[in-house]
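Each of the two complexes below includes chain A, the first together with chain B, the second together with chain C.
So, the complex of A and B:
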């Protein structure tokens, strides 16, 4: 299918009548996914958002329920968001991150209704990456600038128009009533050239990484590798697959709400016991946890690496700690016996 | 879709000062709704998240046994904001409870076996649940000899003193209480748990050891259990990591690829030997 960009804005305006539409919006000098009220607020001419669209389905802060305490009981009101949503213009790496988060929030035993209901009610309209950033390494994680995994529609920007790839019935349904022409040969050729030109500047070698991480927990490499890390958690807050959270009460008088907020394994209080004991007392253990969680524990539990190669942790790190270099150092290290 | 974050309303019916230093209270909670009580099917070793509305929630091992229907008991040390508030609450306050959470002691595997239960300090809570369960007339016949070694710094810090006195009188439990230093009026043993375990020397033959206590106690009791011949598959431990969600999603209580809240808190020593020492 083929849609010109002016027509696309009109289409967004139509969708806004029915759906909550989230799209990349420019704020100061960066982009983030915001609910838009008119199609022209969406700015699809961007490299990637500072914070991933994860926050649409798993907000930075959300009410789980509100309560009112009474003499003989408590009234609980669930705060489940059942609105129909569309995320427009998300990158293929971010779409893949939702597939990884699905496993976390939909475990064999427990289901997280806050994430899962939003997820089920949200249509994903992706935008391929004509010019990946220097920090992108999605292809090393099985993705790609025009990967379609997890998306309902994929837009390929060919200048004044988008070639629209329909990937699911849900995507097809979204386009019904638009009467779009099929992409002609010239448009298809333009899309092919755009796709071929989207070269990534870096590759990360992940071969054998897991087997090395399986035996490296007590290795002295961690004493050095974390040294630059400030423990600011910018990497985790801007990561599309990080999902750690805290739960707190906010109340006044006899009523209030229970709220969950993003949290991060980079913070010292994250694992601090009531007794004062902390299983991850220094930056070393916390940095190790982050790497091990993404590249070993997640693989053990879900048979997938919890990284999509979006590069946000590299761009946003205040001390230029580059996960690609960390992985290369681990890759290049000598395998020692993993004894404490 | 069942919402695992919603607590069940319960009434605090007893706020009992358990220890001489007043730092541990035992809370007895009753379900407000009969159907909640029916749905809350738990086994010894499991825990629950207790809500103090307006303050927050915190995970505690369940000290009562499913053989004691109608209520739940939690023995809680005053260490943080939720627990300090909890200690001050008047009886009658409405609280919330989420659970039961986590796995339980392998009571099916224990059947036909002798049990050695070793506890220290206030970590005795879920061990109380296990002992009460086994001593119940419906279950006692399923298990062999029951030896309990329980230590505290001084007699005033022992939990469940009335029950300890009752167990002392029974012939189907060998209860050994110990305190760290001699105190006037104490006729029981004196000495640390590892040394007392060595003296008592329970047989490892056809037996499981269940151990719960402060890390230092566990560290020094382990070699004793090994010397006695307990294989690591028959040493059962219970971990306590910081938790929030209790359902394996918030990401803070993992040890290696296991989540203490979902895959534990009960692990065999053999299982822990396969995991990094990060707890």
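So, the complex of A and C:
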């Protein structure tokens, strides 16, 4: 299918009547996914959003339920978001991150209704990356600038128009109100050229990484590799696959809400026990956890690496602790047997 | 710059070779254009990793608290001032620290570069003769260095380290700047406007605490935001007011301790203006107590010592 950019804005305006539409919106010099009230608020010529669109399905803070203590008991109010949503213009790497998050929130052991209801009600309209950033390394993780995995529609920007690739029935349904022409040969050719031109400059060698991580928990490499890390959560909070959370009750008087907030393994508080003991007492253990969770434990649990190569942690780290370099250092280290 | 790099490498190598220190904390080449990255060197032959450039923006004093070993640190003006405050607060043992002072010509603000390039990606950069050449796909722009320096560097009155054991190169001239003109603008706002401004800025806060972690002076064993009994503020970010409260308390806690290095502001991934608050505090402390943080080891911290009300309010060394 083929849609010109003016038509596209009209289409967004139509969708806004029915759906909550989230799209990249410019804020200062970066972009974030925001709910838009009109199609022209969406800016699709962006490289990558500052905070990943995971926050649409898994908000930074969300009320799980609210309660009120009364004389004859407790009154609970459910807080389930059943609105129909569309995320427009998300990058293929971010779409892939949802598939990874699905593993966590929809596993054999656990179904998270808050995430899952939103997830099932959300249609994903991706936007291919004509110009991947120098910090992007999605192809090393099985993705690609025009990967379609997890998307319902994929837009390919060919200048004044988008070639729309229909990937699912949900995607097709979304376009049903539009009388769009099929992409002619000229448009298809333009899309092909755009796709070919989108080469990634960075590759990360992941071969054998998992088997190495399997045996280096006690390796001295962890003593030094984290040293410059400040222990903030800029990497985890801007990561599309990081999903750890904390649940707190926030109450005043006899009423309150149970709230789920993002949490990060980089904070000492994350593992602090009530006894005062902390199994991850220093930056060493915490940094090791982040690397291990993404490149080993997640592989053990879900048979996939919990990284999509979006490069946000590289761009946002206040001390330029670059995950590509960390992985290279681990890869280059001697293989040792794992002994304490 | 290359002379400074060489001097730093030689000094570090000598210190390690002679076993005067076990560790040198400095900067290495970073993985992004215009970026240097903190670097920890323990072997003399690794000293060649150390560099000096316009991307040495981190405050390395942050890595010096309560270290067991003897350490040398590469310190520009602001790092040295934080070191002074940390020594006064018993966080650094002066006898176990060697300060390799580096006169600083300011650091490049990559957010200004991003703004200037308006969406184009910076792939390569070079600084030469006060000009920065920015290169990317199909563009090559030359911009005066001054235009790209951090605001903290533009108003900095102490580019030369105030405390050092070994000095690299010649001192740089101190810029003539207007005394807190930037804060004056904020001060003229009505309280409601100030509040609206802070609420708007902090509505973007994601509570990653990069500001806190990047600050050499934020070293409380338990930060008040992490306390649960009592819980001082909401752990959620549903209410922007709690984000403002967090920053307000952080700024107050830094009163008389903040050296205006800008580390918090630089660390914020969301580009929130944190410096207006901290800088206002710096100005207030100067006016109320005649105290400038981190310039002298002898001057007592104003909020921990009897107030000397006769001290004149000063803005720079000249008392202007």
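We take it that the second predicted complex is superposed on the first by the 340 of 340 C-alpha atoms of A that agree within 3 Å, B and C clash if a C-alpha of one lies under 4 Å from a C-alpha of the other, contacts with A are read in each partner's own complex, and residues count from 1 in each chain.
Definition applied: a contact is a pair of C-beta atoms (placed from the backbone, for glycine too) under 8 Å apart; a residue touches a chain by one contact, two chains touch by 3 or more.
Note that the coordinates shown come from a computational prediction; the quantities given were computed from them, not determined experimentally.
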*For A:258, decide between first (touching chain B), second (touching chain C), both and neither.*
first
*Where does A:296 make contact in the superposed view: on chain B (first), on chain C (second), on both, or on neither?*
first
*Mind working out whether A:318 is in touch with chain B, chain C, both or neither, as first, second, both or neither?*
second
*For A:230, select first, second, both or neither according to whether it touches chain B, chain C, the two together, or no partner.*
second
*With the two structures laid over each other on chain A, which partner does A:110 touch: chain B (first), chain C (second), both, or neither?*
first
*With the two complexes superposed on chain A, say which partner A:246 touches: chain B (first), chain C (second), both, or neither.*
both
*asked:* I'd like to know which partner A:208 touches here: chain B for first, chain C for second, both or neither.
replied: neither
*Return first, second, both or neither, reflecting whether A:220 touches chain B, chain C, both chains, or no partner chain.*
neither
*Do chain B and chain C touch any of the same residues on chain A, and if so, which?*
246, 248
*For chain C, which residues count as touching chain A in their complex?*
30-32, 35-40, 58, 62-63, 111, 114-115, 119, 121, 123, 137, 204, 206-210, 212-214, 226, 234-238, 263, 266-267, 269-271
*Inside the complex, what are the residues of chain A that reach chain C?*
27-30, 45-47, 50-51, 60-61, 63, 131, 133-135, 224, 227-228, 230-234, 236-238, 246, 248, 250, 259, 261-262, 264, 267, 269, 314-316, 318-322, 324-325
*Would you mind writing out the residues of chain B in touch with chain A in their complex?*
1-7, 9, 32, 51, 53-58, 77, 79-80, 83, 94, 96, 215, 240-242, 244-245, 247-257, 262, 276-279
*List of chain A residues in touch with chain B within their complex*: 64-65, 67, 69-70, 72-74, 76, 78, 80, 104-105, 107, 109-114, 116-117, 217-218, 243-249, 251, 254, 256, 258, 260, 263, 265, 270-275, 277, 279-280, 285, 289, 292-293, 296-297, 300-301, 340
